[in-house]
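Chains: A, B, C, D and E, in written order; residue numbering restarts at 1 for each.
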Amino acid sequence: MSINNEFRPKIVAFCCNWCSYAGADLAGSSRLAYPADVKIIRVPCSCRVNPMFILRAFEKGADGVILCGCHPGDCHYSTGNYYARRRMTLLFSMLDYMGVENGRTRVEWVSAAEGVKFSTTMNEFVEKIRSLGENVRLGDLRCKN
Amino acid sequence: MKRIALENLPKLYAAIAEKQSLILPVKKAGQTNFGLWTEEADVDLATLKTVKSAKDAFFPQSETLYTCQRDGKTLSLQPEKLEEEPFVVFGIKGCDVRGIQILDKVFLSEPVDSFYCARRKHGIIVSLACAAPEESCFCKVFGIDCAEPEGDVVTWIAEGYLYWKAATEKGEALTAQVADLLEDADTAAVDAQKAAIAAIVEKLPYANLSLEGWNGKVLNEKFNSPLWEQLYKPCLACGTCTFVCPTCQCYDIKDYNTGNGVQRYRCWDSCMYSDFTMMAHGNNRTSQLQRFRQRFMHKLVYFPANNDGAYSCVGCGRCVEKCPSHLNIVKVIKAFEKEGK
Amino acid sequence: MQELKNRAIELLENGTVARVLGWKIGENTYDPEPAFFDSVEAMKDFVYNNFCAANLSKYMIEASKLEGKTLVCLKPCDSYSFNQLVSDHRVDREKAYIIGVGCKGKLSIEQIKKSGVKGILSVTDSDPIQVETLYGNKELPYTAGMLSRCFSCKGKEHVVYDELIGESAETSTVDRFDEVRRIEAMTPEEKFAFFQAELSKCIRCNACRNVCPACNCRKCVFDGNKFDSAQKANVDSFEEKMFHIIRAFHVAGRCTDCGECSRVCPQGIPLHLFNRKFIKDINTLYGEYQAGADPEAKGPLTSFTTEDAEPSIVSKGGIV
Amino acid sequence: MQRIGVFVCHCGSNIAATVDVKKVVEMVLLEPGVVHAEDYQYMCSEAGQAKIGAAIADKKLTGIVVCSCSPRMHEATFRKCAERYGLNPYMVEIANIREHCSWIHKDMQEATEKAVILARAAIAKVNLNAPLQAGESRVTKRALVIGGGIAGIQTALDIADAGYEVDIVEKTPSIGGRMSQLDKTFPTLDCSACILTPKMVDAAGHPNINIYTYSEVEKVSGFVGDFTVDIRKKARSVDATKCTGCGVCQEKCPSKKTPSEFNRGLGNRSAIYTPFAQAIPNVPVIDREACLKFKTGKCGVCEKVCQAGAIDYAQQDEIITEKYGAIVVATGFDTIKLDQYDEYAYNQSKDVITSLELERIMNAAGPTKGHLERLSDGKAPKEIVFVQCVGSRCSDDRGKPYCSKICCMYTAKHAMLIRDKYPDVNVTVFYIDVRTPGKNFDEFYRRAVEEYGVNYIKGQVGKVAPQPDGSLLVQASDLLDNKQIKMKADMVVLATAIEPNQGVRNIATMLTASIDTNNFLTEAHPKLRPVESPTAGVFLSGVCQGPKDIPETVAQAGAAAVKVIGLLAKDKLTTNPCTAKPDELLCNGCGNCAKVCPYGAITYEVRQVNDHGIREDRRLANVNSALCQGCGACTVTCPSGAMDLQGFSNRQLIAEVDAICR
Amino acid sequence: MSHQNNQAEMIKEISGVNPYKCMKCGKCTATCPAFDEMDIKPHQFVSYVQSGNVQALAESKSLWKCLSCFACVERCPRDVQPGRIIDAARQIVVRQRGGNYLTADEIPALLDEELPQQLLVSAYRRYKR
């Protein structure tokens, strides 16, 4: 999507309910701005995020996907983010292996207290995606029109 | 009879492609399939059998039928345009030409399939005679002469030349388009090749496969044979045989959600798949045995029953080569033969 | 072969097993098909030659539901798949009588044809391979007909069996991760072009999935509607990527690297390159892991350590 | 197709100032399934909820989307509202257009567009929602308090007084905690032991309280109302049922060279010891590391002298498994290590001490019997320097970024006590800020300055250098006079930062309670739920949640107790219905979901299924919905997609993805 | 004023220091070995930059009295690093003079027996970056 020729990426952020979604809330209540390109989907835990959701987002036109969860060791469900960490590491590695720009995916651990980190991370990520430009390697052409 | 030196073929392709799109065997990542000609395309006429048949040119593996566009709560419907431009399919072997004729029986009989019909109307078939049939070929069984295929234009590759013979009006028109590149020729080289091929075809292992006992009238007898119980066992239920087959014509219709609407498309289906003919109430073939049987019964019994005895198999041998479990129609025919039908 | 056949007949006759899962002689030496034999009489068509490449372990899913034991012939690499199926609770070890059969590298007719042989009338499974064709006779070294997977063989040891018949040979000559490394070394553009070219050939026949002993779901996600992912068509290049990434992901940690996916692909797509990438990454990050070596082992994706690498490792030079 | 109503909240101007709420209403009305949309000043208000109720009735709504603040704030409110008006509470979805939109964006057009997209995602999700029914689970009427300091003791007493049984688990041999180490307490200068000891005795004697000292929590499973906890009761080597607490064993023990933990290593204790005289229980433990009997096999003096025959060298650790309905964490604090602060010469000079060490020195039962003296030479100091904020408010990794909160007050206390008892001693306090909010706190500090002549200098100490004559050269700044001060001191006292106790991270992991980067346990809400952990059934008491002084700790302990009592007073709890659910026709029975389930909620059984006419026995996953907490780990592990999570189903999440990407 | 602001910005840029992190504890001043020689004290460097009064800093004696020993940098609890601020102020002054720069490689050739060791150490600390 572009407005006035400026590239406005579509970014999906999966946030776990207990830490990162709360971190995003804190960023909000602290008025720590980040671009509106980021849209958050609440999931109970980072381990709920199926690689298929991430690929699906790219298919449907997302330019970047970020997954945020509790810091390792702090998972509300004690171990969920450890599984998420392995899954995402392997998935990202595979995407990289297939020639998809590796900056399009990211995992960041953001606690409920880290509003600043949430906002900084999102600012960085949007900047990165803007520098990478539109996602052409994983999109489905049918969704472009 | 006309001819063109093989080294000038790129010029011929370019000349054809100038007026219409040209589809021909192209090698990509080590495999040869029919594909659109471009300057960069690695045209491969040496491979006898493309992995997929030429069926895609007229009946693509998937094609959009119409698109629903959503704007707020209103929907607009946009039918997919039918083929309006001429195109040339070059290098189709005799078996695949017959395959298209079999598809015609399905799609051009009432109710006519408008998408297929439009492509048939605008497609020009330039066939290519086989120069070196292989062990899996058994087109002869179905009365196909691979040395003299049908088509709008028929071509042969012999002694450094591509020989060219227009066989229909469409063919004549195409010949006129590229007349500058063709020279007149006698038929000696082609005749010699035909004779050689005839001799080789006789020696092919499956050349004399007998179809005795396979016709539209043996439905119950074949259907109820206990042989299927053994035959289907190694089947993996993949769609390889179906998708490489020039005559398989089953398709499924599906919707793709584009976010702002729906694209309704159809795509090849395979009777080997567990969701083949799945309906709201469930599936009428619940076991792989039933699905496996369906494929062969369709080709050798149901189809002939509805089409004046014509089998829905052309003996191209692709399934023989590609089945991961080494199952194929030949083994099925032979198994029944061995059991005394 | 005869020893194997005799032993199978003996076990059928004495009632140890109710049926034999092996290979049935084909139209020619090179096309034997997997088959069940439930009588001594049927065993006349039993064959075991160097073209018997199919991994029979997956057929044991259905055989496990039948009355009595099934004698199954497993090559060394198939035995890993069998173990993995046991740990996935998809086959019952008690329902199998495993004869570990010898393997000296399997031949494939496709491979032989790649060396330019056409119109094959007959072929031997000997070393060298003798080929009789419509266009003359030829002799080929054994390795010219060998499946590429056999050049990075897991070894000649069976990890599970009841008895062993026949000699095996180590046929490994190359490091199985060499091809993966070659791709890893490419630029993103080259990688993308490589996979785009390979995957654009995919016809969604599902042969890779259906043959895979690790893809043992009763119903695949790509056949169901849970993820709105049931597509049959190669409509756009994305779907093939989605399918192949997820297929490899779902078997990551369970794939034994048996190589059946690449063997059966009608379009010759090197599908094992996806699985091997996951295996290589798992080995590098989480320690050497061979699926199926130990049916009691906890898989790398169902376990973790608190010190695992962060996903950002991928953008920091990748997993090498 | 659902009949969806969308309710857009202005939140006063919090949302409406940045998001064009009318536009949002207009846009969502174009979405399929939306049959009603309206905006209102405060959707969460009585009147706002009434509007929702009216729309449910008038428009026959089957699903609701509220575009408002975070679901963490008001999801429960709107669910209750829906239920009140006859709609299943789980047919409500929230689009967070405040925290995630209006508060972080300035441009109205941009924020409005985003709000519409967030609303669409919620609409897409609610379209696929299904009514869910909350289940019930029982409540075990017993509480566990981890930590036996003042926080734990007070919490336990309050719970016990309400009639519920409480167990206290204390790591050390006695309850009492940090407070028992203190000499006096501010702002009243009460003797710490005088006010703590009665509480300890009360706890020990309370019929509803059971104390496990020298014990640690080993394993926790279960969930709110129904925790199962393994407690390791470490071998004391003394039979508590026989011991009379006479203390002879400690007197006679030949191994007396172990630094006393209670005295912060400033004095020694015997190998068999009670940490301090008022210890509860008054039963010694044998430190097996120090005991000659355990080290060499010879000795056995204590056994010989014990008339009660209580010594039991063969005693083993014991694991006690108990069930609890609620758990309170009261693990307290320690001072940070000063190894990285070379500039204060803490490791170089015995005369540089921490404030907690000073407490022991000042205490009559301490290593110097309460005499203020230099530990290096035993001389009475004439010049004492106090350094504030040592390791507190520090942004590098040597210290802690937070204010330790208690230092200003205890330093004033120390300064005052010293000046009171030893009027000839000069006391200088170097401070950055003096922070004394609290009842009678600032007055306390002013007394130190005005009545006791303590010299407060604004400026930090840069360096403490031990001198050859045994004195300490203190180099500091005086920011008000813009001077650099170099002064000699006989003793330097460091107001060392405090940090949560070492083991708390491990405990948090066992409890699945979230913890911040400073190892303080996170509260469920910083303002509205300050004594609850986000993990249901886990409560926080004392410094484990954040720095606080004794009055605050006691207040929080009481608050935590009230929350526990409120929980234990219920007979049943409703459980979260957003649990995993397997589709039996897709399940492979492969066992991977159970491997990743942190709650052991998944088991397998062989059942007959009817798969489109095929009847067969299959091994299938079963989810115990009382145990399942709904994390979703199993759903991703399941390759066939058989396992799905209610309320966050695959299709729902995909619908959200699609709506956002469209 | 705007010129002053520009200079303050430049100091922040060169030094990488955020003066607003300062909590005014004075530990830098307490630590400084050159305190007595200075007219503007280390803790004041920070407030001068905060208030944009760079000119006064540039004209101060302190500018040239700072030894760049970086004790203040080492001890600062807030990572404000006054030493880097004064360092940056010097850079600005040197630049205004159309200053000449040395590369680290050039230094050994210019070594003088008489040079204080402290100066060399601080020079290397600066130029190693």
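Side notes on the structure shown:
Definition applied: a contact is a pair of C-beta atoms (placed from the backbone, for glycine too) under 8 Å apart; a residue touches a chain by one contact, two chains touch by 3 or more.
None of the values given here were measured: they were computed from a predicted structure.
By the document's definition of touch, common neighbours of chain A and chain D comprise B, C. Listed by label, the chains that touch chain A and also chain E are D. Seen from the Cα centre of chain B, the chain whose own Cα centre is farthest off is E. By count of C-beta pairs in contact, A-C exceeds the other of the chain pairs A-C and B-D.
If each chain is reduced to the average of its C-alpha atoms, the one that sits nearest the average of all protein C-alpha atoms is A.
Per-chain CA centroids place chain C at a distance of 68 Å from chain E.
Computed centre separation for the pair chain D/chain E is 43 angstrom, with centres defined by C-alpha atoms. Put simply, the C-alpha centre of chain C and that of chain D have 52 angstrom between them. Mean C-alpha position of chain B lies 81 Å from that of chain E. Along chain C, residues 219, 221, 227-228, 235, 301-302 each make contact with two or more other chains. Touching two or more other chains at once is no residue of chain E. Across the assembly, chain D contributes residues 596, 637, 650, 654, 658, 661-662 that each touch 2 or more other chains.
Chains touching one another form the pairs A-B, A-C, A-D, B-C, B-D, C-D, D-E. Against chain C, the residues of chain B that register as touching in their complex are 28-31, 33, 48, 51-52, 61-62, 132-135, 200, 203-205, 230, 233-234, 236-240, 242-244, 252, 254, 256-257, 265, 267-270, 273-275, 321-322, 324-327, 330-331, 334.
Against chain B, in their complex, chain C makes its touches with residues 26-28, 31-36, 54, 59, 109-110, 118-121, 133-135, 197-198, 200-201, 203-207, 209-211, 219, 223, 228, 230-235, 260, 263-264, 266-269.
Chain C contributes residues 180, 183-184, 186, 188-196, 221, 227, 229, 235-236, 238-239, 241-242, 245-246, 248-249, 252, 274, 277-278, 281-282, 285-286, 300-302, 304-306, 308-315, 318-319 to its touches with chain A in the complex.
Of all residues in chain A, those touching chain D in their complex are 10, 12, 17-19, 21-22, 24-29, 31-34, 36, 39-45, 47-53, 56-57, 60-62, 70-71, 73-80, 83, 87, 111-114, 119, 143. Against chain D, in their complex, chain C makes its touches with residues 65, 87-90, 216-221, 224, 226-228, 250-251, 298-299, 301-303.
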